[in-house]
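Take a look at the following structure, please.
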Amino acid sequence: MSNVMNKAPMGWNSWDCYGAAVDEATVRKNAKFMADNLKACGWEYVVVDIQWAGPDAKDHEYIPFQKLAMDEYGRLIPAVNRFPSSVNGAGFKPLADYVHSLGLKFGIHIMRGIPRQAAAAHLPILGSSQTADQVAQASNVCEWNPDMYGLNPKKEGSRKYYESIFSLYASWGVDFIKLDDICREMPRLKDELVLISDCLRNCGREMVFSISPGPAVLDFAETYKQVANMWRITDDFWDKWELLYAMFERAEKWSVHTGAGNWPDADMLPIGPILQDYDKNSRTKFTEDEQYTMLTLWSIFRSPLMIGGEMTGFDEFTMKLITNERILKMHSDSRHSHQVWRKSIDGIEHVLWTSVSQEGGQYFAVFNTGESDSEISIDFADLEMPDGKKEVCELWSGETCVAEGSISIKLNKHGAKAFLAF
Amino acid sequence: MSNVMNKAPMGWNSWDCYGAAVDEATVRKNAKFMADNLKACGWEYVVVDIQWAGPDAKDHEYIPFQKLAMDEYGRLIPAVNRFPSSVNGAGFKPLADYVHSLGLKFGIHIMRGIPRQAAAAHLPILGSSQTADQVAQASNVCEWNPDMYGLNPKKEGSRKYYESIFSLYASWGVDFIKLDDICREMPRLKDELVLISDCLRNCGREMVFSISPGPAVLDFAETYKQVANMWRITDDFWDKWELLYAMFERAEKWSVHTGAGNWPDADMLPIGPILQDYDKNSRTKFTEDEQYTMLTLWSIFRSPLMIGGEMTGFDEFTMKLITNERILKMHSDSRHSHQVWRKSIDGIEHVLWTSVSQEGGQYFAVFNTGESDSEISIDFADLEMPDGKKEVCELWSGETCVAEGSISIKLNKHGAKAFLAF
Amino acid sequence: MSNVMNKAPMGWNSWDCYGAAVDEATVRKNAKFMADNLKACGWEYVVVDIQWAGPDAKDHEYIPFQKLAMDEYGRLIPAVNRFPSSVNGAGFKPLADYVHSLGLKFGIHIMRGIPRQAAAAHLPILGSSQTADQVAQASNVCEWNPDMYGLNPKKEGSRKYYESIFSLYASWGVDFIKLDDICREMPRLKDELVLISDCLRNCGREMVFSISPGPAVLDFAETYKQVANMWRITDDFWDKWELLYAMFERAEKWSVHTGAGNWPDADMLPIGPILQDYDKNSRTKFTEDEQYTMLTLWSIFRSPLMIGGEMTGFDEFTMKLITNERILKMHSDSRHSHQVWRKSIDGIEHVLWTSVSQEGGQYFAVFNTGESDSEISIDFADLEMPDGKKEVCELWSGETCVAEGSISIKLNKHGAKAFLAF
Amino acid sequence: MSNVMNKAPMGWNSWDCYGAAVDEATVRKNAKFMADNLKACGWEYVVVDIQWAGPDAKDHEYIPFQKLAMDEYGRLIPAVNRFPSSVNGAGFKPLADYVHSLGLKFGIHIMRGIPRQAAAAHLPILGSSQTADQVAQASNVCEWNPDMYGLNPKKEGSRKYYESIFSLYASWGVDFIKLDDICREMPRLKDELVLISDCLRNCGREMVFSISPGPAVLDFAETYKQVANMWRITDDFWDKWELLYAMFERAEKWSVHTGAGNWPDADMLPIGPILQDYDKNSRTKFTEDEQYTMLTLWSIFRSPLMIGGEMTGFDEFTMKLITNERILKMHSDSRHSHQVWRKSIDGIEHVLWTSVSQEGGQYFAVFNTGESDSEISIDFADLEMPDGKKEVCELWSGETCVAEGSISIKLNKHGAKAFLAF
């Protein structure tokens, strides 16, 4: 990637809360909230997730065979009934302009491929003599979404099609592309991924390139680094402890590939009100301790941080969770992050992570992944810190102490603490 | 299967010679030839293979996204430009009537599922309140053919759709259905296969039910027996020695599942002029010995016998090959067929098969699958024939001799001989 | 195999009842019983199973590192304390002579390889300049028995060693060798198996060559046919319904490899008193119906029949079970045995087998493998019998009837019936 | 592990040069050389590798079934003909004393298990009522070495046996145990490994615990950390580029488990004269560039450094290679080592590693793993170094420069350079 970001992206994505049915009012409302309340802490991306071209969408289910909004070149455009400002072919430009006016950045989700409708209608491809039916591959379909056909990366018309969509998105002012149905499909779809990345990189506008769904394939880490900014290391993440628990192993394996503009992505944060399309009162099922654990792990591992809940409904706890300056500093300031160990202490499993501060000192985070509260001692030798007295600050609370050789830590079941020692 | 056939079907299929582009004149010509020259030997089925609803077809390639001929209920009908007698909604009835008038039987190929066009157009299903888009499964597509979506077997509309097509085919007078994209997909598509079989069995007309493509899954042998009459045990078979050689192992494994209306199917016989869409002069690449081997193995194994070449172009050798009464008698008369051994004799691999004649006596066939001619002795003890003198007839030549204990046999490389001893 | 047997071996083996601890008195007693009571029905082999060289043996457990009886060339000889007649280097000759005097045949079990003791002591090999430590392979050991090292089949001394043991056994008058730790180890130990078979075939005395343990590897069926007379298709078989149930699938898969001196072996029959080393009152846990099922399947499948129980303790049921002339006739007279189908009828699974009688007529056997009694109809078309009236004899009972088209059969849960129709 | 070492062990091991046949004079000679020439740089362990109890040893081949030297409790002792000072039951104590007198540390290789000779002889176990034959597992043998039987970790006598050997080694003054035939056998031998580690940790003397052979199983990383100090991540490493090339991937995967007394081990350094038992003139086949690559990778990855060659025959290049203070400083001073990327630049594959200096500044090493020389630019952003001018020292040459943003580097094919920037 040419555009090296020195910290992982932070923002909001519509999926966890609105599925395939987010609309313009919701996006504007959340963008406004972010600008007013979160921008100062570093949160900046506002991303519209999947099937925004579908007029019939009403929840997390994909509607098969609905008539997607599409231009004469087979490029999907926003459904006007859901995104009114896109009327008259304006696309997402008015919405992107609004987000930019707030000092934020704008992103959209896309599926790889070309709409099945375009192939059935034999539509022309902008700038190519080939038509949609000639580049679409009839059996190259997504397992879980009904909209597109994959493209034959060897055909000239395929490149032209991908160039045509990124050109359109650049004209709208898009800053962030979340490309779906490709990340975990290595090596099967590697050629198509390289083609898409190449077209995106040359579209004339700098965009963060995020690929989904996970789990990404570890053996292709160097490929991901070369073509993308962030890649999903997990299938869809939701508010279940089993999924959060499983993230420790994923983060351990991917940690050496984090940094310098490359961000293995642990997926959105399902916090606050989520799944509103199912139930207007639905809220995250994570306990407060589990949410501390999640934010701590995502931050010391340096995952992108993308909020999944409806932000205007956040309570005080949730707001504090995502605006803790010390934790967010660890997220941006950490270097060389990695797990130190994972072991049972007095029958309770704990995990220890560490990273180096750019500004001197060493971060470490301790997780109780067992089923009881615990009080343990962390040996500084395990962290390979130099001998001598250390000033240690617990980052969630801001409390500080002086320690030598080791530090005693109390942890709730499923809870975490994070520290900076120097 | 209710309709137990006491011999495996024999006939002609258009694929090997005409691919996706067979037309009415060709079918009529071959049917007439069969009636005049082969019917007396037992050949009776005339089968129109794949994509007969496609007006653009011109060779073995499937044309993706062409506009298939279809009725208002999403049922494919013959493309009128290729099958002129189907004009005005007559479907295949006129052609079937013609075939019947010759004393023969008529068959067609179908793909599982519903046309993608029907789903995109939200067409109604005959006799159901559900529409095509509601029963089609967007990601359930064939790997190699672009026409259909698989159906959700749990939906009422899916059953209605399959009932509607078999009802149509019954009204045309179809005697044989070759259903494709399902046979080797066990257990993934077992429910859909059972549903289709059930609809076919209850359509009001008796039809042979043949399923493709292979290789069929051996662990599902009892399933195949219960739902179908014949099932392909190999992927497409062509005129290459490697494929013929591989059939020995397939036949060995499937032999115990042959008989009583159940016919593991070694695929069409690529003999005479084949692949005419590529080259009007193209002819089978099998040597004469290989063709003897093929017919001998198919016959003692009791495979269906479906001719793949353009019959009107058959030379004298080919005609003798498929009209040898003794070999065809072995095909219909064999019981309890199985391989006896497969081993190297003087460095040349040979295979020995046997079966029991319904009328007394024992068949056996010897194959030289090595790379040199050979002269070997077959020990009657290996065949578990009772002691004593045997009268032995070689079936291809009709020559007879008396042997006791063993018989000496000369074989060409890749050649075969077949015998009846009693 | 040069010596083609026209029926599968029948006899008695000491394992099921006495494990590693059988003694001479027991063998003599059972041989006498067989001669007096079973010989007339075709039972003839008396086989001494494993670790007969071990003086410490007391039950089914192998005693590791005990001092096995061995001659100066590292050849195991009977432990004199257990086989007194072997004193003064007589080996098994006196016992074999006794068995022969009864008109029966004598067999022994051996492990592949050379005793570990011989390698540790660097013993000479008869007729070779190599010593035991030079041909033994230190890491080539049996997973479950502690006595031997496998031999390097490429070394001249290995062949000499195997020749030396078969020469010794021939001098004793052994008629049957059960070689262990090799059958299921294909392809790893194929070279050693071929070497052993070759040495056995050339030892100057004809012996049945039986290999264990199972499950034999189906892909090596032709190898087994060429090197052995019988091979175990299952791991140790005991008196549990799950094991008997599993034998149907094994028998189905191996049926085409049965006959003409080749006998896939379903293992000993655990009937009557068994496991006497654990409990003097222990008897088979199979129900009477399960025993009918076992004998019926073994017989129509043409497995070797080796009694596993202490014969002198057989009750009347057991004696009738193994002396039914019609069933034993089916065992020796069947040809072309195979399963016809296996399916659920009214929710109860049934299995149908058939074979051809050498003398005309067709056998079939019906098994109820479900969990309720049943009454079903067998369609003669499934058996591919010619049309017309059939005289049908049920073989266990001897009852006969005349049937046409089908026959109605009552079966107990886990029970079986066998028929001859002509 | 209780005894946390703050740097990975450095020393010499007899295997690469002398195989199973090293003798006392050789060990003394190399120890003296190390004390005189290398101790000052941090080299300190002198390790006697495999089968030192075998009197017949003469090269790298293991002699099966030779009579190993053993005490009355089945504990192996040095073969007196090879280690004269061990006469009269002195064991390795005199040799260890000599090594200690030089200011160095002494290590030995052992196989897991108990000598087969001890089991065959039913020897007593010190402090236990069980005998060797009762704890040895007859089928639990090493695939490649003929000496031992594995022990049943559940038996009391097994623990006693392991306690007895470590007690003996402690009495000799052993500082380092290289335990073989266990590391890659996870999870099969995990219980035996935990038992051995436990016995070693409680023997009363601190010893480095090194386990072999590799490749270690990545999923058991936390187990290795808990039971051992170093574990082999590769099968035997020799002087072949393919093996060195493969180490990059192994090092990448294991890097997060390095440090704080835990040392994934890339195996001995085959430098200088090696394989002397085959050929007295044999020398490493690695080019000088490959040796730079090896030392650079081992050092920044923090592998143990164990010299494999005959040190008294080292030439000037080899001496400089292993006495470069800056490289050895990187080895001991590095923290948080990891690969940054691995990619093709102008068609030539390169690898970039980094680590953090304890004393400030950042190490990085660049490898040309392609087949041509190259000149490339390393972007400091990839290393996530803070902006601004850096003073950069190339560690092999000691040359320094000032760079900002990036640095241009020339590399030979298969060569490497290492840097410290601050």
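We call the chains A, B, C and D, going by the order they appear; numbering starts again at 1 in every chain.
Everything that follows uses one rule, which is that contacts are C-beta pairs under 8 Å (C-beta built on N, C-alpha and C of every residue); 3 or more make two chains touch, one makes a residue touch a chain.
Nothing here was measured: the structure is a model prediction, and the numbers come from that model.
Go through the assembly and pull out the chains touching chain B as well as chain C.
none
Which listed pair, A-B, C-D or A-D, reproduces B-C with over half its contact pairs identical?
Within A-B, C-D or A-D, the interface duplicating B-C belongs to A-D.
Based on mean C-alpha positions, I'd like to know which chain lies farthest from chain D.
B
Validating interface symmetry: for the copies chain A and chain D, is the fraction of residue numbers used by both over half? Same or different.
Same; most numbers are used by both chain A and chain D.
Between chain A and chain B, what's the gap in Å when you average each chain's C-alpha atoms?
53
Could you please state the distance in Å, as a whole number, between where the Cα atoms of chain A are centred and where those of chain D are centred?
Centre-to-centre distance between chain A and chain D: 42 Å.
Starting from the mean Cα coordinates of chain B and chain D, work out the distance between those two points in Å.
64
Hey, what residues on chain C touch two or more of the other chains?
none
Considering the complex alone, what residue numbers of chain D touch chain A?
By the definition above, chain D touches chain A via 4, 6, 222, 225-226, 252, 255-256, 259-261, 335-336, 338-343, 354, 356, 358, 379, 381-384, 386.
What residues on chain B touch chain A, complex-wise?
Residues in contact with chain A: 64-65, 116-117, 119-120, 122, 133, 136, 138-139, 141-146.
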